[in-house]
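Labels A, B, C and D are assigned to the chains in the order they are written; within every chain, residues are numbered from 1.
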Amino acid sequence: MNPRFTLDEWMCVELARTIGDGEIVFHGFGSPCAQVAMHVAKRTHAPHMVLIEGATYALDPVPAFLPPTSNDWSLLTGAPHVLRFEELFDLGARGDLDRMFLSGGQIDPYGNTNVSMIGPRDRPKVKLGGGGGGCNLSATVGALTIWTTRHGSGRTLVQRCDFITDMGHRTPAGSRTELGFPGGGPEAMITDLGAFDFPEGRARLTRLYPDVDVEAVRGATGFELEVADRVQTMTPPTEAELRTVREVDPTGVRRSEFGSADLARAYTLHGEVAVA
Amino acid sequence: MNPRFTLDEWMCVELARTIGDGEIVFHGFGSPCAQVAMHVAKRTHAPHMVLIEGATYALDPVPAFLPPTSNDWSLLTGAPHVLRFEELFDLGARGDLDRMFLSGGQIDPYGNTNVSMIGPRDRPKVKLGGGGGGCNLSATVGALTIWTTRHGSGRTLVQRCDFITDMGHRTPAGSRTELGFPGGGPEAMITDLGAFDFPEGRARLTRLYPDVDVEAVRGATGFELEVADRVQTMTPPTEAELRTVREVDPTGVRRSEFGSADLARAYTLHGEVAVA
Amino acid sequence: MTVRRRTADDKRCGLPEAAGLVADGDVVAIGGGLSHREPMALVRELIRQGRRDLHVVGSAHGIDVDQLIGAEAIGVVEQSYVGFEQDFGLAPAYRRAAGQGAVQLRESCCYTILQQLRAAEYGLPFIPVRGIIGSDVLHLHPEYSEITCPFTGQRLIAVPPLAPDVALIHGLLADQHGNVHVRRPLVLDERFAFASRRVVVTVERLASSQEVSAAGVTIPYFLVDAVVEAPYGAHPTSCYPHYTYDREHIAAWIAAAAGDEGIREYFETYLAPDECHYRDQIGEAALARLRTFDESPERWQELMA
Amino acid sequence: MTVRRRTADDKRCGLPEAAGLVADGDVVAIGGGLSHREPMALVRELIRQGRRDLHVVGSAHGIDVDQLIGAEAIGVVEQSYVGFEQDFGLAPAYRRAAGQGAVQLRESCCYTILQQLRAAEYGLPFIPVRGIIGSDVLHLHPEYSEITCPFTGQRLIAVPPLAPDVALIHGLLADQHGNVHVRRPLVLDERFAFASRRVVVTVERLASSQEVSAAGVTIPYFLVDAVVEAPYGAHPTSCYPHYTYDREHIAAWIAAAAGDEGIREYFETYLAPDECHYRDQIGEAALARLRTFDESPERWQELMA
């Protein structure tokens, strides 16, 4: 196995590590990094995780590869059962989904996400795809793991979303407690620059990739950056984790989430930057 | 075929004739006469009827015999499909069930029925089985056919039910219109003495078996009997109808609804009383 | 990181342990219905263990509820029906207990219960229902509330979610993880499994995951707390395609349940100490006979005579 | 006594007649989702017939909605997502129409739509939903209303029932009566069939009732108005177990849809006059190739490359 690895692989591993063993976990469609992360978690540290596929609702499948679309039969491979659409959403609505992954074209400091539109609502500059089931699921799912591969663009982490599709910890309408939402909201955010937690319901930088420093994160972040007392360097993937990423996603579908510059970011298993 | 036939056979045929071709029809469990009637209708004048079995929710089965219990596998025979419990009840709730059959230990002039209890609510003299799904279905189903095999007992048709399980046309809470119920309520009532319609939402005697007269009906009815201008004698079953009753219910499960005196009531195909 | 019970690898256990997941006073959803696939082995074990004050909820049932009432295990009856249809008529123990005020009558409607289970399943604090407003069933349920539709102004009944403490279900096959295969008619089994806090399952036979998956998973493992292999676990109700209902045995219950003495004798004869004893008392030949229903419609009728 | 359409003996008809059951301005539920089993033959026929002002509702969709928008057939988009995931990204015709204000954006959420369909299916004038209150999606829907739970005092959103005028579904098999067999994932197909006023179905193959029943009836005949045999009726989306999605063709659409001219050319090339022409244009070899997905995972990957 090539011990040199790239950012996309590391991010998938970091996302996988947010999953606890025994959790019931769901990724949305069109979310290859989250999808890879779930299959990696299930095959490494979280064998008792209940893995629900993002658009087939297959239960614990073991696909031979990840296709470029989420509603594909290849994602039923090895699944003992395929849930109904209804069953997945009801599971989420009644609080029995422990974790879901969410991303966004815009993400604000409270973890609110926008996957609906950039610009005005009647004639948006960019009509994004839409939120799928996130608008309701985000209210009731136990914990949210947020990710973005576009933090470095400077346009993704914003002070205020043009449109809030999925609620984080607080919107102009109120906090989760005020709105009576039983779900815990964003617990972790993994980006192409580093990792965040949400200690007071607001994103706080806690860890960095070895090729990124706090100033770079600050420069790419559209809101005032909160930083943990001790910002640490991320722990690199273990050999087993890395092998599993490659096994789960042999065709590198995860890479479609990244720009070419980020795909060139490479590391060694000691967590050092690798020279190309 | 024996052209001499008995009251139980005639009643099943009368019930069958209340079904229109193309209707979606359901009988409750524990309702052999209604069950026989539906299968007879489907095999005679209503081939386009959608027949939903009372406790299996089998669609258009062609059972070889009727078992003494409603949730039996024999009632799936020949069914292309078995509906879910939910699908049947939703069908009723949204008004897509055209007809349902209801009976009762007590029935009042508005067609309200009691299958719950005789006597006080905390310590009923007789705890009847209960209403199954009738309490909601009766509100929304297109039309109700009511039947009883115990009119002659004098205890069944009462001025006021001790307990209203399933609403007819009007209860102390109001009329169907006042309560906003979309279903049409009782349309016909077939008893062991005769047949009724509900022209003003109140039962009116319209037809009689040849061995019953109006006074006998009046004597057995606990409310003031309304009678149509011209009370007719019922049209006897055709040979085809009679043959079908016997084919549908070879073991005579329908007879369990009748007392022995009524089972002895026999007729000829000309509609005359047959001597034993 | 802890592995929750429901995601454990192996849910297999004995009948006493499984029935132990039902506590006195629990709201209990009993699967199957009428004479079909009721979880009778669990019902019997609850009686053996002397469970009290159960609040049973569900659609149309028969011998399961009547036996539990006969054993004084039930405090509240929230079923849409309890009885033996035209077959044997009223449920004798239920009728007597109701007349004596020994059980609280919260009779309900199949559809109301379905909607309440759905409210629990959908995580809703209430769901509106239309029909109840015309029925005296309304007056047995002070927990319902009236509500006005914000769009039509219509008066509706708001019913609260019903999340049973435990669902008892008898299926055909299960694997050790708790994937369960059941055949239609399912009655409320699926809804019970999705809405309940705990799910306890008996099956005719434990099988490999491959076999259960090929047959079709009706209840996925992550809903299930315990699975028990209990052959003839639905007897005397039917468990098709394996055996038909034991009408003769049900008749014996009906006769016994005419009085307290008869009930005591019935339980003494059949129940203690365990299901092996129960099956012995019924007799291998009698049980085998129930499996011959599919030889012909005539044979089937004969078994039901 | 009249026999209603839905209980007629024979529902078979041609694609033009079936698409004729969709009127201008209708609320249309499109089955399948993303790249899977979308009723594309019906979509193409609606485009051929020049349908206008459709109000499409549903969960996550792709080329079906994008082509209808490209053909200026859609007035209102009430979907939870329209796009091509990470595969090809944003839906080009949709994005452009949205930016020009040419379609009304009533973006919704999968779960809200599900609950609205359920309200229609359950005959309820409203159903409460919890999550929307924290999302700007709320502000795209003046038809929603706030409501207070009579039990908890909680603020909830009441959403009205959604009974689409017509559901368009592509299944695997159907008999002449309209019993339809579809395989999971069903997405919202079942709910669409139960909640809609009319149900129009295309299938890969018409079959005997026995065959459909043995395969499993997903949509019972009494819900269905019309069935059409339309082989490759889901192309270029997948219809497993028959064929995988035609990624190359989808790429061709994405390229064409970059501008009005491209869209016109695409429709000219592929659409008129009928599906035979469409299949000819795609080519027998290209279609046959899509059926080879199951030879190995490697072959499958190759087809998607």
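Note that a contact is a pair of C-beta atoms (placed from the backbone, for glycine too) under 8 Å apart; a residue touches a chain by one contact, two chains touch by 3 or more.
Worth saying up front: this structure is predicted, and the values here are computed from it rather than measured.
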{"item": "Smallest count of steps, each to a touching chain, taking chain A to chain B", "value": "2"}
{"item": "Pair sharing more residue contacts (C-beta pairs) when B-C is set against B-D", "value": "B-C"}
{"item": "Whole-Å gap separating chain B and chain C, where each centre is the average of the chain's CA atoms", "value": "28"}
{"item": "Rounded Å distance, chain A centre to chain C centre (Cα mean)", "value": "42"}
{"item": "Distance from chain D to chain C - Cα centre to Cα centre, in angstrom", "value": "39"}
{"item": "Touching two or more other chains - residues of chain A", "value": "93, 140"}
{"item": "Residues of chain D touching at least two other chains", "value": "122-124, 130, 154"}
{"item": "Interchain contacts (touch definition) - all pairs", "value": "A-C, A-D, B-C, B-D, C-D"}
{"item": "Contacting residues of chain D [partner chain C, same complex]", "value": "115, 122-128, 130, 145-147, 149-152, 154, 156, 158, 160"}
{"item": "Touch list for chain B against partner chain C, complex", "value": "29-32, 55-58, 64-65, 67-74, 82, 84-86, 89, 92-93, 116-117, 121-140, 163-167, 171, 173-174, 176, 179-181, 250-251, 253, 256-257"}
{"item": "Chain D-facing residues of chain B, complex", "value": "20-22, 24, 46, 48-50, 59, 80-81, 83, 87, 90, 93-95, 140, 182"}
{"item": "Residue numbers on chain C that touch chain B, as the complex places them", "value": "33-36, 59-60, 79-87, 90-91, 94-95, 98-101, 105, 107, 109-112, 114, 129-137, 139-140, 154-155, 184-188, 190-191, 238, 240-241, 244-245, 247, 293, 297, 300-301, 304-305"}
{"item": "Residue numbers on chain C that touch chain A, as the complex places them", "value": "1-4, 7-9, 120-124, 175, 179, 194, 209, 212-213, 217, 220-222"}
